[in-house]
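Reading through the structure tokens given below for one structure.
Chain lettering (A, B, C and D) follows the sequence in which the chains are written, and residue indices restart at 1 in each chain.
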Amino acid sequence: MQEAIAEFVHDGDSVVLGAALENAIPFAATHELIRQERRNLNVIAPISDISTDMLIGAGCVAEVTGAWVGNVSGGMGHNFRRAAESGQPNPIRIYDYSNFSIGMAFFAGAYGLPYVPLKSILGSDIVKSNPRMKMAENPLADEPEPVVLVPALKPDIAFLVVQRADRNGNSHIWGSTGLTQEASIAAEKIIVLADEIVEPEVIASDPSRVLIPGFGVNAVCHIPAACHPAPLIGRWRRDNVFFHDYHKETRAPEEFDRWCDEWVRDLPDHAAYRAKLGGQLEELRITGEALSAPANYATE
Amino acid sequence: MHDYSTQELMIIAAAREINDGERIFVGMRLPITAYGVARLTHAPNAVGLFESGVARYAPAEDMIYTMCDGPNQLGAAWTTGLIQIMGLLSGGRIHAGFIGGAEIDRFGNINTSYIGDIAAPKVKLPGSGGAPDIAAMAERLIIIINHQKHRLVEKVDFITSPGFLDGGDARERAGLSGAGPQVVITDRAILRPHGPENELHLAAIHPDHTLEEVIENTGWDLKSIPEVAQTAAPSAEELAALHQIDKEGFWRS
Amino acid sequence: MQEAIAEFVHDGDSVVLGAALENAIPFAATHELIRQERRNLNVIAPISDISTDMLIGAGCVAEVTGAWVGNVSGGMGHNFRRAAESGQPNPIRIYDYSNFSIGMAFFAGAYGLPYVPLKSILGSDIVKSNPRMKMAENPLADEPEPVVLVPALKPDIAFLVVQRADRNGNSHIWGSTGLTQEASIAAEKIIVLADEIVEPEVIASDPSRVLIPGFGVNAVCHIPAACHPAPLIGRWRRDNVFFHDYHKETRAPEEFDRWCDEWVRDLPDHAAYRAKLGGQLEELRITGEALSAPANYATE
Amino acid sequence: MHDYSTQELMIIAAAREINDGERIFVGMRLPITAYGVARLTHAPNAVGLFESGVARYAPAEDMIYTMCDGPNQLGAAWTTGLIQIMGLLSGGRIHAGFIGGAEIDRFGNINTSYIGDIAAPKVKLPGSGGAPDIAAMAERLIIIINHQKHRLVEKVDFITSPGFLDGGDARERAGLSGAGPQVVITDRAILRPHGPENELHLAAIHPDHTLEEVIENTGWDLKSIPEVAQTAAPSAEELAALHQIDKEGFWRS
């Protein structure tokens, strides 16, 4: 993943880090972006728990495009608040969306619609505060019918965590996926963080479980627990304690710096992060089985 | 002292707002428990939806901290994408949704974005999530909020999620299809819109709370509906259902 | 299914009969609509092979909304041509779409967008011939940028064929699905024709394979091979001979009438149809296994 | 006599239009075989897409009559919905697409809808399918059609799928992003757009066919590019690949 980020992510890029809401968040990529000191990123995510807060604290972020930034366990994200309220460590520009409107903006970006006319964001001041959105009337309606025009979002790069992928990036994902498919297809480049690398035959045995086919993927990295402390269905439970600790240990800028040194900057890579977690991570590993009923694709 | 906590009363009051067979946008924490109580009592055929892309019949069997946690997905009716689930809302297929907030005003508008000036906010709140979409498009909106003067305000600094906007028919004129906030459940009382202005009025006071206290803790000049009731105490059946769900007594204290 | 159609489908309704293109076409419902002599239907389907042609020949159709009507094996559909060219057995109104534009019209209908602005139908005379579509400029663009506004389609009822469902309509579908999900959700009512009825636990074992959850379904009918002569992945192969025979045996109106008596009107139900097919149907049954790799949903 | 049929020559000419690594919208019949030949020869990393919701690397192993048949889905790279697959086209991610038609005109516009008047057509053709979307949005359009005077016409009655519209920069002015028809492969010749008008010109004549015959069977005054070539005969490798795919010799006769 070091090489993939070095090659594909540039200062100033718009980066989707997790589009599945509170699960499958690519924290391993968040860490590596901090270690490689990327700057002026536009972080795009509907909700990515503390991933966005970490990047802001580490000074990587110029813009935030999203629906919610914080710590689902602890409430606020301290770095996000500091940046928004007092420009520390640097001011950030915030583009507010609701979950459905950012979803439809990704959808439009993925599938070639220049914009979408939405009704679900009517009445919200988000329409006034986000300069990308515009009020209009439905030109096809006989009676006046207000709509909000939301333009397509086309990020530079999307990181996604998947349960399993083959070496070519063909990926299986299950459980709720939030905006994973739309955000990834809308992005110019896709980097897959696979919890497990499997033979191509495993993925090909169930092409309907493919959310992102390999032909659109720029790099596949095998990183177990890349989602930690977020959960991944059937693989890893959520590390609730870690989220609480982050909330307690990042109240002041110098506290965040200490946290970030300890958990990110002083570690060479995600393997070292997993080693540091040790038994705490092993306890989150899902070892039970609740298997899906098979689907038959036979032709004769 | 009662055999239930204030939070348990709030959960049961919220459960009573769910009708059988309805599709409900469930949030985390208190509403998810309310949904569970409703399913076990008067609404066995309700369906719960979570914006991450989950629909469930029975609520999750184990404790969940986020809607994306494993127990909320195991045995679900549907695990899919956000657009499929929130699209049902946008498509007018959802009967009711729960939201909370940092501030609510007398027309039921909710702020979860900015306290103070947008350009230089005193407090930057986490943001909207899917609340504006729920507030705009669910047939009914159910709001849960703590009853404090700085939370129930005359006018919110920022309308994240629309209630009745400026009141009267402003909501309809803005093109919003859902009927808007039909109930606000607090830790002291229950408010409902009343009259042509659709202003939130006091509708019921929880046991052990007083009119004066409720008015004092409301940031606008709170009016009452003609016959303010006392919130009905939880029935034995309701409490049993709640205890069945809240095994560890998380909401009891 | 007789009861479901008697209860839910009325003369004049707009009906989606197959949205998965050439597979999983609900021919069993097509037959029953003919037997119950529904009239003035608006048949909506991107491509439904000979289903639409049969309904037109039987005098059930006033309007066709779609992208292609014919016989994939034989080319033209004789009844469709007769109705369009000479008003036999009755004139029909045709609303032409391309596949993507009808797909996005369903999408808009399903998810509450009043219309969608499309570029993929620019330059086609379909925009001129279909009065529902309208040319416009992108109001968010700095330079003139033409788009075609396509309004939402909200059918009255959608029939879909699924590999398996439980008694509550929770349905698993796999293989390519065309517009099944969008068309069904856009419809006011959904009727599921399940090749197999399984216990709820089977469906619940894999909620990511659910395309349509049961809470939106109005009726579930257990009809094996409801798709015949179209294929259903993992269940039934395509009956190519049947399509060819239909093409040969329906060239003239009286020939179609004979065909329709023999295969539809003179049969009481789909069980009788399957019995009439006998060994021809059994040869199409898929008996082999090519099973999907399992997905784990365990939580611990 | 050659060791290949006209249809085999057309398939191989079509295969040569596919570059390695490209994403190709494959239609049924002749193009699907061309895609298979290209994968086995010079384009082993091409990806084939089918509008019903299928993407494949290797072509189907067994004979298929429709893109939805089982063998086209078994072992696919992706089986999904139409919007996901055609959305890639609309999103500008597709390098080339194949389409056919009943009529084509000198600007590469294609009719598969109405012969004669729309209101009272002489022939109602089956319609567009996804062809307009492919014609509008694929980077390049590859057209295959039989070379007959009533098919290659001065002006089509109805533009189902846009080529260069009225010629020149009309296509660009109409807002279409793809480069339009880059080649028309017939059973007699190969045409390509040429000159500022983007009119289809004769680019190559198949072996055993003559300039006079091609002109005579074209419904407009067909001009030629400066140096008209003879279509290169299939190489041994190309024919071997074709025979490997077309085991039953369907295209040989």
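By our rule, contacts are C-beta pairs under 8 Å (C-beta built on N, C-alpha and C of every residue); 3 or more make two chains touch, one makes a residue touch a chain.
Because the structure is a prediction, the values reported are computed rather than measured.
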Rounded Å distance between chain C and chain D, as computed from the means of their C-alpha atoms: 27
Centroid distance [mean C-alpha coordinates] between chain C and chain B, Å: 40
Sites on chain B at which at least two other chains make contact: 54, 69-70, 73-74, 79-80, 83, 87, 89-90, 137
Multi-partner residues of chain A (each touching 2 or more other chains): 104, 112-113, 118-120, 145, 147, 174-175, 177, 181, 208, 233-234, 237, 286, 290, 297-299
Chain-level touch network, classified as line, ring, star, complete or other: other
Chain pairs that touch, as defined at the top of this document: A-B, A-C, A-D, B-C, C-D
Complex contact set, residues of chain D against chain A: 23, 47, 54-55, 57, 62, 69-71, 73-80, 83-84, 87-93, 137
Residue ranges of chain D touching chain C (in the complex, touch as defined): 28, 50-54, 65-70, 73-74, 79-83, 86-87, 89-90, 113, 118, 120-133, 135-137, 158-162, 165, 171, 174-177
In the complex with chain A, residue positions of chain C that touch it: 104, 112-120, 134, 136, 138-141, 145, 147, 149, 151, 163, 172, 174-175, 177, 198, 202-203, 205-206, 208-209, 233-235, 237, 286-300
Residues of chain C touching chain B in the complex: 109-113, 170, 181, 185-186, 204-205, 207-208, 210, 213-216, 297-300
Complex contacts: residues of chain A adjacent to chain B: 20-24, 46-47, 49, 66-70, 72-73, 75-77, 80-81, 84-85, 94, 96-101, 103-104, 107, 118-126, 129, 145-147, 174-182, 230-231, 233-234, 237-238, 240, 286, 290
